[in-house]
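After this come two complexes, each holding subunit A, first together with subunit B and then together with subunit C.
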Partner chain A sequence: MAARGSGASTAARRLMKEYMDLTKNGSPDGMFTAGPISESDFFTWEALICGPKDTPFEGGVFLAKLTFPSDYPLSPFKMKFDPPLFHPNVYPDGTVCISILHTPGDDPTHYEQASERWSPVQCVEKVILSVVSMLAEPNLESGANIDCCKLYRDNKEEYERIVRAKVREQLEVDLGEDEAQ
Partner chain B sequence: MIMANVHDAEGVPDPTDFPKSIKGLRALDESLRCSICLEIFDAPMSLPCGHSFCSLCIRENILTRKECARCRKQADDFHLTKNAQLEEAALNWKIARPAVLDLITQLENAKAEAERYRARLEKGKGKASPTSDAEERDSSSRPAKRRRTSADSGDDVQSTSTAHLVAEEEEDEEEDDPHADYIPSSDVEEQSIQEDGVVVCPINNKHKTHISHINAHIDSACTAHIYRPGHRPTKHAPASTAKMKPSAKSAWNSVFQSNSRTSSRDSSSKGKSSRSPSTTSTNERLPKVSYSVQKDKKIRDLLQEHGLSLNGTREQQIARHQHYVTLYNANLDRPPAQCKSTDELRRELRKWEDSLSVKKVEITDPKAYLRKNNDHFKAQVNALNERRRLEKKAANEGNKVVHIEASEMDESPHAKDNGTEQDDIVSDSEGEREIC
Partner chain C sequence: MSEFVNVAVAVVVAVFIFRWATSSSETPEQRNIRTTLGFKPKNVTQDMIDTVTTMFPDMPVDNIRYDLLRTGNVEVTTNKIIERGYLDAPPASYFRIYPRADLQPQQGATATTTSTQTNAAASSSKLQNRKKDPSLIERFHLESRVSSEDVTTSESESKVITPEEVGKKSVWESNPEAREASLKERKAQMILAARRRLQEQSKKAPSPTATGSD
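Our next item is the complex of A and B:
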């Protein structure tokens, strides 16, 4: 194992360090956990994120898949909620649209400031914390799910109702699966 | 104990190796690490904003973003300055780190043992509670004694390992000596001005020249205006210059090599003490190339110049050359002892290229692979042909094109459909290649 650690690429070594930090220090308030799915592939992680308090997402637990590029940390990783999340800044396929995960080159919505973009000193922990705060306060200027954006702007109550229903539905599904097992 | 295990098991040291209970150690370890790669600084370079990174890390970052990775202030290659102090601190910390970790483990072991011992005594005391006061006094005094001994052993550990550290520090100083020697040499030179104005060249310490020609001598790479006793200092001596060239070159080499020989001792930690003289003789950085205006041949020439592979597409070749230039320039920022040979840099480049294609599927037996996936390939080829046929048909019936496009547009939001379709196209071409 030691040999693997020393012989690994820069990206893998950095991911190992981040993983060590997360497992040893934990996340702030225990809001999320994250780690590689399998020992053999350090470039695909899974994160479990708790819905932040005082938001319609409260009580939910959301699974996200993190895919790291081989030149990480020069390029940001990708984050995708699975199952997709109903949120103004999450594409219908579950991919998270957040400025901290965009390089200066790509600006899909043209509303982002360079200061909020990815930089190699960002890390999984910071990004997930940003995503958690994004769950609480959607950024309507750079919407990914336009229907959801509209709903949030015009009828926030209905939006919150749908989110709550989805969270409950998802939890029930999980329960059902557990019972089946 | 647990810490050490995790530390060993993972083989990737990080700040969490240090317990939070010891104030400042974790933070110290963190502050001696580059915030890009999270490793202990390797040839740290500072930017005008005051932030430092490994030379390689920040150079790579500047290739994509001309800004400081931490504060995003504008930055470029030419802003980078060597941070010698930090480099020294990082090198020393690399040496001290395992010793400190060892110390902590031993201390914790001692503590745990003392704890166990006390617990055992307490138990014994509980059993023998109706004994006399004297006994009790004795048992109560024992843990204290024990504690002292554990502290003693702790001290012992400390003293031995500090001795160890001191020894290493002394070694370090020795390694610094060549530089230390070098600086006073200018004083020596000042002192050695003879009455007739002849001085020793401050560059190679060998040639003598007249004080009035010293600048010209240095400008000519220590070849012109060499003073020889008995000769009058000549103003221009092209013949002697030509004669002196090889010896001057060897003098240069001897200057650099003596430097490297004395300081290559501590490079054993990296196991990379072998250096080819080619890196030592040229200390010039490779210039950046604006690849977009270069012809394919020029790019191949650039690669060949450094003995790099010519494989791959133009983009891959450019990426290879660009990364090599970055590796090469970052290597020059290392202290002479840590400098790597060009061979090693090429090896690193290969490793980097391999790491780019992480999810490469290895095919050991191409024929078996073909046979196994034949059905799959055939299906894909058929699908492609079918699609081409449909496209042709659609092209013939002009109106329908619009319709099909529209329907495709409708489907596009469904990421899944999109994804599979893209996959098809990619694997189609693969399949065709395989069969061809």
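Our next item is the complex of A and C:
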């Protein structure tokens, strides 16, 4: 870690504090757990997120990897669902596309207000909560997975069926009859 | 004076030897590639190409690879696509080194060059990730706990916890090992609790995923 320079120590301290707060206070409504996979590398976290209620994701648990830059919190971290989540705002490789994780400078979709972008006052907790609300309400204007966007718009039932099947597959709960084969 | 000249000559000779030594470190094969492409290619891994391809599935793989050979950096290439909207097609000489055949797209995303039959298969399977991902149980090595739980679950209804309870307050251990262990345990519990809840739900309503019209 010493190789990352002096900026990295600020980042590591900040991450340590966020980790401590999350552990001591828990997450709001216990929606997720997050922390470094191993304390030898404070820049790679893993988060387990519970699917929000009244959505097809309900009941599921989703694993995401958070990768922090050495100049965190100046730059936002990256969040990647592993395995990739089937959702309009998640790229097919699992990377989450959400305005709060973009700096005001880069705007891949041109749909975002500067006010809802990343800034150093944001934190892991706020980002994950934004992601949870994104799960409930996909933003079709800035889609990341075009096929999923189409399906969500044209055949929401099928979209929800795929999501539910995924949830069950991940938790090894027996699938419904039509998924059994 | 002559001594000075000697030193100067020695330095010049040393420089030439150094030049010669560094230039000959390039294998003939590499030199061949360099002269064909017109620049010294950067190291490009399949991973890098895949990263760009998943972001821009419509971009031809050869264009991506050609640009990555120039830049050697996924970010620079990505920015180029975003800013300009396209990448230059590689020159004909490029295909002498990287024949099209060996980079047959493994993803449905690049189906433009594949046959219509795989095209159709790809578009339907793309939606639901054809290969099965390892489940959370496998990933966190909870198989033994799952099976022991399946046996005891009927008797121990009383101590059922929800995944949300696991995500609440916890103790901040003072040493890193204990913290790591505590976090790991909480993650395991969250998965197990979620699994248990889902199982109970499906017991009540046999197969909610199968009912398309409720």
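The rule is simple: the second predicted complex is superposed on the first by the 164 of 181 C-alpha atoms of A that agree within 3 Å, B and C clash if a C-alpha of one lies under 4 Å from a C-alpha of the other, contacts with A are read in each partner's own complex, and residues count from 1 in each chain.
In this text, a residue touches a chain if its C-beta (ideal position, glycine included) is under 8 Å from a C-beta of that chain, and two chains touch if they have at least 3 such contacts.
Model, not experiment: these values are computed from the prediction.
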item	value
Side-by-side fit of subunit B and subunit C on subunit A, or clash	clash
Partner chain(s) touched by A:S9 [first = subunit B, second = subunit C, both, neither]	first
Which of subunit B and subunit C A:D93 touches, first, second, both or neither	both
First (subunit B), second (subunit C), both or neither touched by A:T103	first
Contacts of A:C148 with subunit B and subunit C, given as first, second, both or neither	second
Partner chain(s) touched by A:N25 [first = subunit B, second = subunit C, both, neither]	both
Dominant contact partner of subunit A by residue count, subunit C or subunit B	C
Region of subunit C that runs into subunit B when the structures are aligned on their shared chain, from 3-11, 75-83 or 93-101	93-101
Common interface residues of subunit A - those touching subunit B in one complex and subunit C in the other	20, 24-25, 91-93
For the subunit C and subunit A complex, residues of the former touching the latter	50-51, 54-55, 57, 82, 109, 123, 126-129, 132-137, 139, 146, 162-172, 176, 179-180, 182-183, 186-187, 190-191, 194-195, 197-199, 201-202, 206-212
Of subunit A, residues touching subunit C in the complex	20, 23-27, 29-33, 35, 38-39, 46, 48, 50, 59-61, 63, 83-84, 86, 91-93, 108, 147-148, 151, 157, 161-162, 164-179
Residues of subunit B that touch subunit A when the two form their complex	6, 8-12, 14-16, 35-39, 57, 60-61, 64-65, 67, 69-70, 72, 351-352, 355-359, 413, 415-416
Subunit A to subunit B touching residues, read off their complex	1-6, 8-14, 16-18, 20-21, 24-25, 43, 70-71, 73-74, 91-93, 103-105, 114-115, 119-121
